[in-house]
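You will see two complexes here that share subunit A, one where it goes with subunit B and one where it goes with subunit C.
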Partner chain A sequence: MVTNATSLGRSGLFDWLVQRFSALVLLAWIAWVCIGVIAMPEFGYPQWRALFAATPMQIFSLITVLSLCAHAWVGVWTVTTDYLNEAHLGRTGTAIRLCTQAACLLLTLTCLLWGARIFWGSG
Partner chain B sequence: MSQVLISIYRYNPEQDSKPRMQNLEVEAPGDRDLMVLDVLELAKAKDPSITYRRSCREGVCGSDGMNINGVNGLACITPLSKAAGPARKLVLRPLPGLPVIRDLVVDLSQFYEQFEKIKPWLINDEPPPAIERLQSPEEREKLDGLYECILCACCTTSCPSFWWNPDKFVGPAGLLQSYRFLADSRDEATAERLAELDDPFSVFRCRGIMNCVSVCPKGLNPTRAIGKIRNMLVEQGT
Partner chain C sequence: MSRKPPANILSLASQTAAQRKVKTARPVNLNLFSIKWPVTALVSITHRISGVLLFLAMPLLLYVFEMSLSSEAGFRQAGAMLASPMPRLLCWLLAVALLYHLIAGCRHLLMDIGFGETWRAGKAGARAVIVLSALTAVLAGIWLW
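The block that comes next holds the complex of A and B.
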């Protein structure tokens, strides 16, 4: 068995299921927002704000942001382990991969917290 | 007789600083179709230093796998008309993604290491019966499309996931054989075999692009076998 400390669940099956489940959540959220917009009698900022003010939508949106972050991390991790390695980049390959993964992780966490603030914040 | 233009990858690491393509023209019979291996033999008659593997010349041994006009295949069962078309120009390169030993001969060590990882033998600790371990016709039928693999490496070396991670991703040939033993009713190591495969690379690095299916000279379907392994992992692991 090949082990890797930086994969999301350290199990190929777990990461694979997370990516597929999160994709379904993202699809459902996009469909829900589209339906919400189509169902609006008039489209404007107050209606848009009201759509996201409902608690079920806030919960759904937070789950979607979490899914987006998990989906993105599995994808980015796969791409970085494919291309940023010692076979392609020489001795510095591992350092470049770890730095890139750290930067992507920070960006993902920032998006997660920012998203939570947008959907749950009072402003 | 008609002329065939062949462009062959030439590289001898002991003499050459980098690979080059050598162009040769050979006379081939115009009244019948030749196989790519036959054309290669004609080229070798002109330049005996051209190096390649070949043995059975009938698609059984799998030793003359090479990249023919951009597509992996066995030279001995690939017709010239199919590979070169009316232009009658052949471009022959070694199987991609593996170190070249010389010209069209590649080092298959990584391919065999991955094959060995999946324990390609029957595991059954029960005392063997007097004659043989029996299977029903239905159980035996499950192995069709799996056991026929000749390990030519055409599929695995056409897979980008293997190019990027040849030390971690088992590859389509190895995974086809892995499923051949997972599907075998006589094998008792299913749980152990699946546990060995449940990491982010061995099986799950397959992105399902199906290059393996399109090049397999035996018409096998490694992508389907990989999908079945995934299903077994889902059943066992969830």
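The block that comes next holds the complex of A and C.
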């Protein structure tokens, strides 16, 4: 039985809010990068690099990486909790879910640190 | 005269066994293969599938970002890589997944704040998501090829 039905915070409402807030951040960042690329007179390395080099953009990108990882983790947690359980998989359901979630968490944390280095180091 | 049970934590202790059983018998997920699939359900499950795909693609996206931002040579290398047929197809598929997830996500957020929650509006919104995603998928294809 699921006794703690949350993934990130202590309440489902918090997780729900995290997923909405992070979705908006992702949306804003994607829009900003797309507009930036479209507005370039020509698309080359100097322009591409400059787009991510200014300090405000570095901070924006870092917040986006954080949001991406929070969003992705709450998301896969929800999906795995819905399908990888005893009702669907029988007795080993919980073990399968916990192993899968551990792998997903590792991947998420890897992306968090890696992404932070890419965008923070882009100045 | 019967009184309402007090709505505090103590009332939990005085639950009957039957009441407790109802509470622990949480709803079980539906069997996905035995239910009907209205357009709203299709749009919803595709949002979920695209989300999982994007999750798995995160390392790939970071890899391309890192390469393209590392140096002039890396930028060219990333461009050359995306120019070969299979990676380009993969790139398009991921772009489609992202665009779909994003558009369906916007509909989701709109519904969260109370827009389009009726059955009719829900269906119309779901159809709009499909049409918009198809359009952007074609545009992404034109841009890539």
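What we mean here is this: the second predicted complex is superposed on the first by the 116 of 123 C-alpha atoms of A that agree within 3 Å, B and C clash if a C-alpha of one lies under 4 Å from a C-alpha of the other, contacts with A are read in each partner's own complex, and residues count from 1 in each chain.
Everything below uses one rule, namely that a residue touches a chain if its C-beta (ideal position, glycine included) is under 8 Å from a C-beta of that chain, and two chains touch if they have at least 3 such contacts.
The model shown is predicted, which means the values in this text are computed figures rather than measured ones.
Colleague: In the superposed arrangement, does A:17 touch subunit B (first), subunit C (second), both or neither?
Modeller: first
Colleague: Scan A:7 for contacts with subunit B and subunit C and give back first, second, both or neither.
Modeller: The first partner, subunit B, only.
Colleague: Looking at A:75, would you say it contacts subunit B, subunit C, both, or neither? Reply first, second, both or neither.
Modeller: Touch partner of A:75: subunit C, not subunit B.
Colleague: Given the touch rule stated above, what does A:107 touch, subunit B (first), subunit C (second), both, or neither?
Modeller: Only subunit C; A:107 stays clear of subunit B.
Colleague: Under the stated touch criterion, which partner chain does A:83 make contact with: subunit B (first), subunit C (second), both, or neither?
Modeller: So A:83 meets both subunit B and subunit C here.
Colleague: So, does A:38 touch the first partner subunit B, the second partner subunit C, both, or neither?
Modeller: A:38 contacts neither subunit B nor subunit C.
Colleague: Go through the superposed model and pick first if A:30 touches only subunit B, second if only subunit C, both, or neither.
Modeller: second
Colleague: Of the two partners subunit B and subunit C, which one touches more residues belonging to subunit A?
Modeller: Ranking subunit B and subunit C by residues of subunit A touched puts C first.
Colleague: Indicate the residue numbers of subunit A shared between its subunit B interface and its subunit C interface, in ascending order.
Modeller: Comparing the two interfaces on subunit A, one with subunit B and one with subunit C, the shared residues are 1-2, 82-83, 85, 87-88.
Colleague: Name, in rising order, each residue of subunit C that touches subunit A in their complex.
Modeller: Within the complex, subunit C touches subunit A at residues 24, 26, 28-29, 48, 51-52, 54-55, 58-59, 62, 65-66, 68-69, 71-72, 75-76, 98, 102, 105-106, 109, 112.
Colleague: Inside the complex, what are the residues of subunit A that reach subunit C?
Modeller: 1-2, 20, 23-24, 27, 30, 44-45, 48-49, 52, 68, 72, 75-76, 79, 82-83, 85, 87-88, 104, 107-108, 110-111, 114-115, 118-119, 122
Colleague: Note which residues of subunit A are touching subunit B in the complex, please.
Modeller: Touch list, subunit A to subunit B: 1-4, 7, 10-17, 77-78, 81-83, 85, 87-88.
Colleague: With touch defined as at the start, can you tell me which subunit B residues reach subunit A in the complex?
Modeller: 161, 164-165, 168, 195-205, 230, 233-234, 237-238
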